[in-house]
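Note that chain A is present in both complexes that follow, paired respectively with chain B and with chain C.
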Partner chain A sequence: MKNDNMTHLVKNGAIWGFIVLELIFFQVVGSVWSLSQSAFIDPGNMLLLLKQSAPIGIIAVGMTVIMINGNIDLSVGATYALAGIVMLDSMTWPIFVGLGDWAIPLAWLAALLTGCILGAINGLIVWKTGVDAFIVTLGSMLGFRGLVFMYNGQQPTYHLNWTMVDIAEWGAFGLQTSAFVFIGVAFLVWLMMTRTVHGRNAYAIGNNREAAVNAAIRVGPHIMINFVLIGFLAALSAVAFYSGSGSVNPNDGMLFELWAITAVVLGGTKLAGGAGSIVGTFGGVLAIQLLRKGLGHIGAQTETVNLVIGLILIAVLMLDKQLNRKGQEELKL
Partner chain B sequence: MTTDRKPALRLEGIVKTFPGVRALDGVSFEVYPGEVHALMGENGAGKSTLMKVLGGIYQPEEGRIFVDEEEAVMTSPLQAKAKGVMFIHQELSLADELSVAENVYLGELPRKSLGRVDWKTLYERTDAILSRLKVGFTARTIVGDLSIANQQMVEIARALTREARAVIFDEPTASLTDAEKVVLFEVIEGLKAEGVGIVYISHRMEEIFKITDRVSVLRDGSYRGTLNTADTDEDAVTQMMIGRKLDLTRNEEHVELGDVALKVEGLSCHKLFQDVSFEVREGEVLGFYGLVGAGRTEIAETLFGLRTPSAGKMFLKGKEIHIRSPIEAIENGISLVPESRKEQGLVLGMSCRDNITLPQVDDMTAGPFVSDGAEIAIFDLYRDKLEIKTPSSRTAVGSLSGGNQQKIVIGKWLSMRPEVLIVDEPTRGIDVGSKSEIHNLLRDLARQGYAVIVISSEMPEVLRVSDRIVAMHHGKVMRTFTSEDVTEDSLIQAISGIESGRAA
Partner chain C sequence: MAETNLKALGGLLARQGILVAFVVFMIAFALWNPRFIQIDNVFSVIRSSAILGVMALGVTFVVIGGNLDLSVGSLLSFSAIVVLDLHETPGFGPALAIPAMYAMTMGIGAVIGFLVGYLKLNSLIVTLGMLSAIHGLTLTWSGGQNMDIANQQETWFGIFGRGSALGIPIPVLMFGLLAAILAIILSKTPFGRKVYAVGGNGTAATFSGIPRARVVFLTYIISSFCVATAGLIQASRTMGAQNTVGQGMELEVLAAVILGGASLLGGSGAVFKTVIGVLILGFIQNGLLLAGLQFYVQFVVTWIIIILAVWLDIATKRGKFWSPIA
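This part shows the complex of A and B:
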């Protein structure tokens, strides 16, 4: 039993070990090559990291839930852009304009509702048709992105409201709003996955769907709820980001789905479902952002960042496969 | 048995048909509280169908089910559970990344406000059940870290979350060691003492006589009677199980045997099988007979390089070989016609011709392209040789009958000119007429000088095609028979693990 606890610890703690390794590496390399005046491990720098990771991080939290449940959602990037447009554009609608700053919460609500509806569409199709979530959300990714372009053509959608910018830029303890949203979301969803019946059933469904069905777990509604949740979170991510920036480009959010999946997988969630954790994803998100910053810090060209992250992702998964408990008796296929 | 009490579970005239098969033909039997009732029958006798009817997975066309003499209509697994009919399946149905407690209460996690899991209650209740079972793990253990035997205990614990009237054990000892069996039997005794009715499905005679009170026998989907275990013996039960109407013609042909084609010494693969030795000669059909889980298929997979053996040696025509992958097996002339044709043997959407030439299409090119002419030549040759009936060489394999599909798989390997052809369950899912055609084909191949290994769980089949039969039990070779000295009884006893000394 002791040995098992050890392997669990190693597996769950791996991402944090990796983060520490990154910190040391960039700190040491940065100072040895004296490429940079400032220290890499600097409190301000580290806190900024949370803000920078927030947009993808919030989505990655939802993606963790979806993947633990045994599905995947490729449409989050498009949902993110569409929710951003709805938020900014709705503030220019005649009914909202008259409300002054009271339009802000309503615009947020409209954006979040958009996210929930788009998520519900995905969930409903996956549930009712039984088509693989990969295919369904590949379709909706294209479809939702189509809606984004239909809204305003190639033109960016913009609306600047200084009160909203103030809210977005508000900060405490060196953290800004979006960082608080990210931390709050991660905490609440962590509670959901570890403490609630819905969360535990999501694990069971992803781990052994047949067993879940045999145990009379209503698989469809659980899947549905999780898709609504990820739609909501994609929209929340848009709300947190665009409140400050005030301008949505129709190509915004592209590849967000892949970055979110990368963070989730790096954080130890299984692609096949049934295992994984929000804490791991949190670490995965930070690790990727740290890598981006760190490579910049030691003066690597930005073009190399993707290559390095890609290589690390593959290396991590290879290591995971090696550490896996079942091995010798398996069929070699 | 006491007849003044009400049976815990009673079945009356259950009939279930599938297209072309009467899987259950008026089956009736009953289990009393505190009774262990064995249900026996050969593979395909209808035991699993009966269990699926009981579990609400299949609806019977006729017949009724009573729990405590109250009629129970089972239309879903949940309903069966609600009525107190619990199953311990042979194949475990667990979420192995979750804790024991979560698996035990899967789908019924106790709740607090806001949909939160009441972990305290969950662990307490689970630990209470586990202490009844006297197991050495706790509610918090992750299921994937448990041994198979302990995982089975989790399944049993799951059956005890509600008040059980009847618990059905389906081949519960298939993957247990002797020590683990003892623990299981204690658990069954405990349930019995609590007044639960137990249905015990097993092929293993020694277990039946050890723990059951009565035995009911199924054969070809119909009920053949019930015996008091104390008043009967293995021979009588065996007699009831196999009956006399099966075609048990034995292979009486003797082909001139050539050299030893494949010799295996002390082959083992972890827990799957141990210390297996045998040889097969050119012109010989060597049959492997045993129950599901005896390790026959795993041996075939090891010979074919799909599994890595943990010990043992293999010699092909006297030369030692090391096979690490199917590619190496094929290069060495070992071919495998796998157990499940549709999943492992064929590319169903591809044509007959493409399936036959699949392993050698690399060598059939004209320039950069696959040569149609060469493919057609190979296809025509084996179509005629094996009498494959297909509208054209372009027909998708998926649309052929089972027998013809099997011939395509066999043709595929014959075209590679193997030294040894391993055929796993040659006639699974094939209708009776085509069965004998496949059997004749296997004999033909021996006559042509191939060394053939046939793995089967059907006794008539091994008897019909084999020159020698290796009887396996629990990953070990129990005895090797020749076609002259084999009898049905001795074969059944050997695969049930009864020492060969007692065999006729």
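This part shows the complex of A and C:
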């Protein structure tokens, strides 16, 4: 029993321990070898971290829910790009232009609606056809990206609205809008997963679908809700990011799905489903961004980041196998 | 008994359904535009599919063995960059650069195979991590620069991508030859049967004395060999490469393998079917281009075809059109 508690503690604390380790490492290396003039653990620097990790972080929160539920979503990067395009393009539609700045909330709404619809398409296919989510979203990753290109060809879509930029750049306590969105989303989804029936059922379905069916949980609608949620969050991430930048490239968001999954797995969520937490994912997202910043801080080439994160992911998996029996299970495909 | 026969018939239809769909598709397009089946068009389609196809052959082994390989795209970039860089290194030349590239690419394949086979780690996450790590390795190797061969006239390196023998482009020959060899390995040798056994039921395979770890390890070696070959064709065809030349290909490759009817659960699939899957993707792309549509329309069409193909397969197996999920 004591051993169990110990394992539990190591598992949940690991990602935060890792973050602290990263902080110390980069601070010490940066100052001892004087590779950098500025301190790494600087309040401004740390607060900026939240803003920089927001686009992937918001998606990773949704991915956590999907993976706890025992599914996976590879199409989030394409959803992100399409929502961004819809948001910026809709502001130039004749009916919206006349509204002045009132077009902004409508454009946001249009983008979020796009995300929900794309998520619903995925969810409906997974639910009704019984094809595995990996294949369904692998297909829609290609399909949604095709829609992105069909929308505006290979041209970037851009529309700069200074009011919208002001909203995106608005800040308080050193944090900017996207950072607040990230924190808010993480908090709300954490509430959903820990305090609501839907959250409890999502864990139950991921843990043992047969048992969940036998316990009269309607598996389909829960899967559907979660896919709509991740579509919504991918769009929200696009809203938070593109409101400030004002330009979408049709290749934007590629590999976002892989970064999000990496963050989620680092945060301790199991691929097999049924276990994981939003808090862990939050830590995973911060750990990746910290690594990215830290390697830049000590003057390492940016390309080293990919190498290090890949190796850490595999190391985490090996460690996890020692600590967790659930990790030995194969991915449910 | 009758029911079993009926199910077998349904299963047979589902298995060959993709072939039937392919033939119907080809005939429809050929009637609509005769240029579609002209020999030079067919060759150009197969040639442009060859890189994807060669990679898909190797991934077929991995998938039948019950695992995934998401690292093939990164590994393709790696092998292309490495072979070009070594080619340009004084004292190397193509004759040394190519074996060295094969050795390095298969070395990485061996690492993945060790992690997934012997350490029994989840292949999705391992290869996801390797996707990132190999990309980092490639960028470190090249310093972020594109690779080019300076004197393109003075080397025979271009033969793998640009040459042709007996009127058939070399990439097509390599694809065909590799497909034939791997098809024989998979369907006619004890090793091939072991791959099916391990993918079908790993525990049962272990209990019947099949060295599961070694078989999985070897599927990744085969996969990395195929990627190295694809990288060679890619590098030789363009005589230069970007660091991201293979980015995103892992999922297209997987799409081709799935389209060919391999189950991600492992234990089913065939080299021949993967070739059909690759050709379907290639000909759809070509057909849509000939129809005057933009290249990205094929993404949407591929999406619909993948879902329909897998859905049809599952529906025939369970005997019900809609999923039983409440």
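Observations on the model:
Criterion: the second predicted complex is superposed on the first by the 321 of 333 C-alpha atoms of A that agree within 3 Å, B and C clash if a C-alpha of one lies under 4 Å from a C-alpha of the other, contacts with A are read in each partner's own complex, and residues count from 1 in each chain.
Keep in mind that, in the parts below, a contact is a pair of C-beta atoms (placed from the backbone, for glycine too) under 8 Å apart; a residue touches a chain by one contact, two chains touch by 3 or more.
These figures come from a predicted structure and were not determined experimentally.
Legend: residue contacts after superposition of the two complexes on their common chain; A:A275 is shown touching chain B, with no touch to chain C.
Number of chain A residues touched is higher for C, counting chain B against chain C. When both complexes are overlaid on chain A, the residue A:I125 reaches chain C alone and has no touch with chain B.
In the superposed model, A:I19 lies in contact with neither chain B nor chain C. When both complexes are overlaid on chain A, the residue A:V197 reaches chain B alone and has no touch with chain C. In the overlay built on the shared chain, the residue A:L47 is in contact with neither chain B nor chain C. Looking at the shared chain after the overlay, A:I117 reaches neither chain B nor chain C.
Applying the stated contact rule after C-alpha superposition, one finds that A:I261 touches chain C and leaves chain B untouched.
In the superposed model, A:N208 makes contact with chain B only, not with chain C. The interface of chain A with chain B overlaps its interface with chain C at residues 328, 331, 333.
Those residues of chain B whose C-beta lies close enough to touch chain A in the complex are 76-78, 81, 93-98, 102-103, 106-109, 111, 114-117, 119, 141-142, 144-145, 269-272, 301, 305-308, 310, 325. For chain A in complex with chain B, the residues that touch the partner chain are 1, 4, 8, 195-198, 200-201, 203-204, 207-208, 210-212, 214-217, 274-275, 325, 328-329, 331-333.
The touching residues of chain A, counted against chain C in their complex, run 74, 125, 127-132, 134-136, 138-147, 149-150, 153, 213, 218-220, 223, 254-255, 258, 261-262, 265, 271, 301, 303-314, 317-318, 321, 327-328, 330-331, 333.
Contact residues of chain C toward chain A in the complex are 66, 70, 115, 119-122, 124-126, 128-137, 139-140, 143-144, 247-248, 251-252, 254-255, 258, 264-265, 294, 296-304, 306-307, 310-311, 314-315, 318, 322-326.
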